[in-house]
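Pasting the structures in now, so scroll down.
Two complexes follow with chain A in common, the first pairing it with chain B and the second with chain C.
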Partner chain A sequence: MSQSYNRGLIEDFGRWKEFSAGMWAWIFHKFTGWMLIGYLFTHIAVLSSSLTGPEAYTNTIGGLESLFIVRVLEVGLLAVAVFHILNGLRLLMVDLGVGLEAQDKSFYASLVLTAIITVASVPTFLDGVTL
Partner chain B sequence: MSTQQQQPEEPQSQEAPEDPEMRGAESPVDEKEKQGGDIDQQTTPEDELEGETVHIKVFRYDPEVEGKQEPRFDDFHVPFEKGMTVLDAVMYARDTYDSSLTFRHSCRQAVCGSDAFFVNGKQRLGCKTQIADLEQPIRIEPLPHQEVVKDLVVDMDHFYDQMHTVEPYFQDEDTPNPADLEEQRQSPENREKIKMSSRCIWCGACMSSCNIAAGDNDYLGPAAINKAYKFAMDDREGEEIKEHRLRILEQEHGVWRCQTQFSCTEVCPKDIPLTEHIQELKREAVKKNLKFW
Partner chain C sequence: MAERYSSFAPGGTAWLLQRITAAFLVVVLAFHFFLLHFVNHAAEIEFAGTQARMENVGYFLTMVLFLVAGTFHGVNGVYNALINQGLDGTQKKVVLAVLVIASLALIAQGIYVATTMAGWT
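Now for the complex of A and B:
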């Protein structure tokens, strides 16, 4: 064999349109996982303001909650967390060998449930907390 | 069946006498489809295609011909025939238009596993895929994630290497001495358990569809793991060999690399529940190491 053609990473990733349910579930799970890790650090940073006293903590939280963008982000955070949890349960089932034929359906179900819960949370989050 | 359903809607009464003849022509196709497995009702698209030409776009790459080294797609228009498969179409294109069009095939009945292509974005056997099931133009490419040698022919060396890593042959601890060789019996239940895994035809479709295998060249891949499953679950091999097999499987690039994307299971032309087998081997590996039970 004199030569061969390697289609390379770019061409391979160009196939994303052809991905199926299981692959999307995998991508979303990794993505939401990283988002949650990122959130964890900001969360700790905010919590650590309590070290300087209750006043500082209340001000930080109050300040953040008064920002509209923060409340929107919280809706996003809920969506990310809910999907990660639901897909995590789905993966647990897969690991145990339960309902393997319905793996795509359970992925769609996780998406639908996430959407419902997220939409339902919008009024609460966007109203902000009245202290 | 659906031809009959359509009849009343169609105003032309001349159609009626043709009906028995057409149905006669359909029955062998139906047979074929039943063997194919994944097609339930095919009369309508086939009828629509009767007398038409099918537009196929075939990936071309020829390292030996000056000016053809840049990969491209060639268009062919192939006259449709009832029951025509993707393999039939590329064979027609080769025989009629371009004798240099290169691809592998042999049995033409989903047994040899040599004609796995990437058809309309999915790994499929050319000889098992009905043209009537596909949207046109039909895009036919060599299997992804493998180097292309020429046109639709990919380099399968790595796939075979991975298959051989799992020692894909029966090993017996206490083969009876040749003088009193006897049948080695397997229980019907055990046979049933490994039945699906024994259907693999080494086509490589699963490996090609696996993102993880694409990113990790050392990953054994679904086909090899399934092959190992076939032997590890075979009661006749004995505990020691099973342990040995699990040791191969539980290494870093073995079963644990599987991220349950299910793409292998979806494309396997022999309907082998690959992900299920991989998950079961993961559980076996955990059991072996924990030894709680």
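Now for the complex of A and C:
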């Protein structure tokens, strides 16, 4: 199915100018994966305010959500998550041997779809917040 | 076009578990975003609403599974990425120990928080 060939030292990030689409997909996937696990730790920390009491929880989340910068970061998180999901699905297909010829195209499709979903979500994510 | 880049050695246990958790995460993560941004606006989240959801045993179990699967998938991803970058020997053992402790702490804290949300403590 997949033939192997010498791809050089792929860990050498200094060679980024020579990267192919698949290489970029891999880098983006890593980057978004690390963002997500970082967020998960932060998320549980924020939700832990519920241990202090219901008011602390409601006020903590309400306080964060009233900040414009938090909303912007949330849009960023959505973009990161959507890309990781779509590209992750693509990787699962590749592992199953589906659509191997269309890998580049499906990577670009993931990027475009991520952009569309992110832009379409901006109104909802910025609803009711001011600068 | 038979290129494939991955941080994982294909066919191993870590590789397989990474894919199984991924398949589960697609569904719950999409559900989570949809529920807490579009059905309920993030800015309008209150303890009462969270409690109403968490009291439902099915929802509670889904969230705990989400927590466990997400933590495993994320930490396993990081660990394999580091091995792929050449992590080896004692360093590898130390990193593994730190990651396992951090994961267990995160999961324990998350389950504790979830039980408080449900009002079962």
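For this structure, a couple of remarks:
Rule of thumb we're sticking to: the second predicted complex is superposed on the first by the 113 of 131 C-alpha atoms of A that agree within 3 Å, B and C clash if a C-alpha of one lies under 4 Å from a C-alpha of the other, contacts with A are read in each partner's own complex, and residues count from 1 in each chain.
Here, contacts are C-beta pairs under 8 Å (C-beta built on N, C-alpha and C of every residue); 3 or more make two chains touch, one makes a residue touch a chain.
Computed from a prediction, not measured in an experiment: that's the story for all the values here.
With both structures placed on the common chain, the touch criterion links A:F68 to neither chain B nor chain C.
A count of residues in chain A touched by chain B and by chain C gives the higher number to C. By the touch criterion defined above, A:L47 reaches chain C but does not reach chain B. Looking at the shared chain after the overlay, A:L36 reaches chain C, while chain B stays out of its contact range.
Of the two partner chains placed by superposition, A:Y108 touches none, neither chain B nor chain C.
In the superposition on chain A, contact is made by A:W26 with both chain B and chain C. Of the two partner chains placed by the overlay, only chain C lies in contact with A:L89; chain B stays clear of it. When the two structures are aligned on the shared chain, A:G97 is found in touch with chain B, with no touch to chain C. The intersection of chain A residues touching chain B with those touching chain C, taken from the two complexes, comprises 1-3, 7, 20, 22-23, 25-26, 91, 94-95, 100, 103-104. Only residues 1-7, 12, 15, 17-23, 25-26, 91, 94-97, 100, 103-104 of chain A touch chain B when the two sit together in their complex.
The residues of chain A lying in touch with chain C in their complex are 1-3, 7, 10-11, 20, 22-23, 25-26, 30, 33-34, 36-37, 40-41, 44, 47-48, 50-51, 54-55, 57-58, 61-62, 65-66, 74, 78, 81, 85, 88-89, 91-92, 94-95, 100-101, 103-104, 121, 124-125, 127-129. Those residues of chain B whose C-beta lies close enough to touch chain A in the complex are 61, 63-64, 69, 71, 121-122, 144-145, 147-149, 155, 211, 214, 259-263, 266, 273, 275-276, 279-280, 282-283.
Residues 1-7, 10, 19, 22-23, 25-26, 29-30, 33, 37-38, 41-43, 45-48, 50-51, 67, 70-71, 74-75, 77-78, 81, 84-86, 102, 106, 109-110, 112-113, 116-117 of chain C are the ones touching chain A in the complex.
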